[in-house]
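Encoded as structure tokens, the structure appears first; notes follow it.
For clarity, chains are labelled A, B, C and D in written order, and residue numbers in each chain start from 1.
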Amino acid sequence: MPLSQTSYGKSRIRLVQVSRRGDRHDLRDLTVAVRFEGEYDTSYTEGDNRDVLPTDTMKNTVYALAARDKVREPESFATTLGRHFLDRNPRLHRTSIDITAHGWGHIPVGDREHGQAFVRRGPDTRTARVITDRQRSDVVAGVADLVILKSSHSAFAGFPRDEFTTLPETHDRLLATSLTSTWRYRDEEVDFGPSWRAVRAALLESFANHDSLSVQHTLHAMGQAVLDTVDAVESIALEMPNRHHLPVDLSRFGLENRNEIFVATEEPHGLITATLSR
Amino acid sequence: MPLSQTSYGKSRIRLVQVSRRGDRHDLRDLTVAVRFEGEYDTSYTEGDNRDVLPTDTMKNTVYALAARDKVREPESFATTLGRHFLDRNPRLHRTSIDITAHGWGHIPVGDREHGQAFVRRGPDTRTARVITDRQRSDVVAGVADLVILKSSHSAFAGFPRDEFTTLPETHDRLLATSLTSTWRYRDEEVDFGPSWRAVRAALLESFANHDSLSVQHTLHAMGQAVLDTVDAVESIALEMPNRHHLPVDLSRFGLENRNEIFVATEEPHGLITATLSR
Amino acid sequence: MPLSQTSYGKSRIRLVQVSRRGDRHDLRDLTVAVRFEGEYDTSYTEGDNRDVLPTDTMKNTVYALAARDKVREPESFATTLGRHFLDRNPRLHRTSIDITAHGWGHIPVGDREHGQAFVRRGPDTRTARVITDRQRSDVVAGVADLVILKSSHSAFAGFPRDEFTTLPETHDRLLATSLTSTWRYRDEEVDFGPSWRAVRAALLESFANHDSLSVQHTLHAMGQAVLDTVDAVESIALEMPNRHHLPVDLSRFGLENRNEIFVATEEPHGLITATLSR
Amino acid sequence: MPLSQTSYGKSRIRLVQVSRRGDRHDLRDLTVAVRFEGEYDTSYTEGDNRDVLPTDTMKNTVYALAARDKVREPESFATTLGRHFLDRNPRLHRTSIDITAHGWGHIPVGDREHGQAFVRRGPDTRTARVITDRQRSDVVAGVADLVILKSSHSAFAGFPRDEFTTLPETHDRLLATSLTSTWRYRDEEVDFGPSWRAVRAALLESFANHDSLSVQHTLHAMGQAVLDTVDAVESIALEMPNRHHLPVDLSRFGLENRNEIFVATEEPHGLITATLSR
């Protein structure tokens, strides 16, 4: 029986690193997944484990390399991990390292920040996926669960109707989504922190400023804004669920809904995706 | 068969209200639960629905009163809802209205905020519970899922040991929790918005500044800080899971862990609670 | 500042015990929470840990006592744990032990069961809460997340209407809920396994057989059925969210909905509770 | 900017269908997602909605076709939906219909089953994905969240060690996973219900009977068992997280752990995947 698409690894490795510079501490809070692809067929067919580095060792390696090198940007740490594993495992063809970075801010005390106390920021997280083989690394950064809403300049009209279509046209609706986006950098020499912040800002600003004719339309404008403003990005994928906010029919109670009162729903939801490349 | 502790109501009513003042919109995003307690025994024993206001009507009422009165503070809106239901339902003794307010901020565009575009802030939420009977309302505000962490000034030592005790003493650990706290106001005349912000700030600051000998010790300091600084609060309950961050034993790899590398865990967790009153 | 309702403990202790009798293994899969209440005020006010048994020790004790005594019924194991802690901790007044037992069945192979391979059964779980003080133990068993649905013999009509009421009366609706129920046994001498199974069967059968005029009506019939058939039960509490299944209006498409096509919803939901006692 | 991988659709459409044959009712409880791929670029670039069938209409169509044709097997219903959409939308190239079927059993009452009352079975669900273009349909069935455990005949040894390897070899461990598997049928003429049950049985039996040298080894044996016993299956993909059950070190308490007491963990976990084809 031909075997294909084999992979094995360790997921949900939780790593918190504290960096102490005097009274000012920094925090890296990561969830890491390691995945190996290579010549491991006999481990499946024969139970031959001679070349199967334990996933427990992958986990230990994440902690050890964090201690040795200190985690700075998720993208760099993922690249370091991938190369480490490739150097030592001859049957390994390719590693995929996925990192989710959970955001924390320093707690404000009076008019300054406390150096050693933190409050979690969210719900959005920063993500990185680095795929490394014996030639190169492919670095993809991203943002997940960035929940955003527009209360004006959003329409949906001019669509086709069939016998199952009941949706009214609208020229002023609420548009809300929980954005997941990933973008590929042109190489590994990118300054990952500033680039990530520039992409996130471009996504937010273009969403806010867009005169939206549909989710598709706004998604495209957001992707284009990123490609226009951040040179290091080669392509960007966006996934935007349409979290419908339905106006409540208050006329049943003798009241008027001046586009103010909505039911927020999670299910069902639209789901719009696209990738833009240079 | 004696019947007791009967209640019925509607939960997870999702309400989003947009207030438009020119170009500047405001957003209220609430999850509301309504609960009735009263003389409804025959609805259970006989299926007699004559006095059973449908929970669907409770939901409609939430939307209608939001439209009529506009939601300002969750505590006030909950009080209004409770009184409305008590006025119209003679067999109703007591209402309990629970509100979770989900936070949103305006999206920054350049150096100002966009008036009509929003980004969700979290994971912490603002909560309110108002219990109203024919005499009075009992107003309890709160915060949920406020995830906070101290990277210094946290110890746990001097505890008793038995034959199952393996925990080492520590004088410098990470202390992390996801705080849930609720506080009772002395009456309904409180200025709910500023009071809520003052309590949240007192919780964060006292957590940051405390020289912690245990979670219990810090919990008490946080409660005391709130009673010391916000007069309108009569009592405060705190619930603090101890989200253990375990130092990784790097000596197995010939490395030293200078209190920098931790495994964040969710399970098992400690759980510490207390209520402080004036 | 008076301190009240203090408690501390360990939650989400995960314990799996395998009992081997020849080729036939048995599995106990529990999530345990331990909670202490007692004279621990100085641990809060002073950070005095002299009497604070670490929650890590509570966790270790759960594993040690499971090894020493073998877990049989969750209720008995919880009772054993409570007494152990009370015997050794003089400032402890009361323990509360909560257990959720996750169900597993043996995997069928051909026409028999494999003795050493298991498949998880759910989503419902078995629960136990035992509160022990220096006099006695209070034993409460339960079931959680028992998702049930009736496709006939469920009505809701005859209810009052106000200006916000739009719900139509119905004499044939789908009734679905996710039942959580807890029942108090008259003492600790109950045969916990058979009693639990008898209560669960009575809940299911009475739900199936009831001619329902409302959720309240069916909830009451279910509680009564338990008190009628299981002598060891002194009182029973039931909590039944009304997971609305809304008939789809197919007339908009020129089709008829003969009470066959429904949208299952989770939000908002009704929530009905009551306690029945002898 | 070149646009690629565009898709749009509706997710989490919840459909419950009751089929009434006298006193015996049947229940279909599905979560459906519809995805369109085609020539929709101008909807992104221009906001031109002329060909954009609303996702709300997709949802209505799911309900309408369920009413018209009655849902039997998820695979057939998905195929019907795909063809319907392709017939009416000239710019549509390909539909992807994903269905999760939630399991229900009739409630037992005495020694028979009640015809009109149901209890949810899980946590495992049945899945189907049908991708249809203007030539053909590709039918993939599956099972998700099938949680299984072996308490014997599971080893992991003979693996390589490096300076970060601390895992001991084991010849008798607990092996637990939450299986997700999908398999492609050779064509659309398969008898989907019996085939699905045959695959599920083959997965369970081979897992139970296997003498496991690793998760990889057992995963392969399970895939092979399916290909050996169900002719209609052309290929099968399996994804098996390794939900580690760690033996508790009781020697610290002067007790022996005879491979009986384990901590069940969810995080971190191994993750093993492969696809087997004829």
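Rule of thumb we're sticking to: a residue touches a chain if its C-beta (ideal position, glycine included) is under 8 Å from a C-beta of that chain, and two chains touch if they have at least 3 such contacts.
Note that the structure is a prediction, hence the values are computed from the model and not measured.
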item: Interface composition of copies subunit C and subunit D: same or different, split at half; value: same
item: Angular offset of subunit B relative to subunit C [C-alpha, multiple of 5 degrees]; value: 180
item: Euclidean distance of C-alpha centroids - subunit B vs subunit C, Å; value: 24
item: CA centroid of subunit C to CA centroid of subunit D, Å; value: 28
item: Subunit A and subunit C, separation of their C-alpha mean positions in angstrom; value: 37
item: Sequence positions of subunit A contacting 2 or more other chains; value: 14, 60, 64, 164, 166, 252-253, 265-267
item: Subunit D partner contacts - residues on subunit B that touch it in the complex; value: 163-164, 166, 252-254, 265-267
item: In the complex with subunit B, residue positions of subunit C that touch it; value: 1-14, 33, 35, 40, 43-57, 59-61, 64, 88, 156-162, 164-167, 212-217, 219-220, 223-224, 227, 237, 241-242, 266-278
item: Residues of subunit D that touch subunit C when the two form their complex; value: 14-20, 25, 27, 29, 60, 63-64, 66-68, 104, 107-110, 114, 116-124, 146-153, 174, 201, 204-205, 207-209, 245, 248, 250, 252-253, 255-257, 259-265
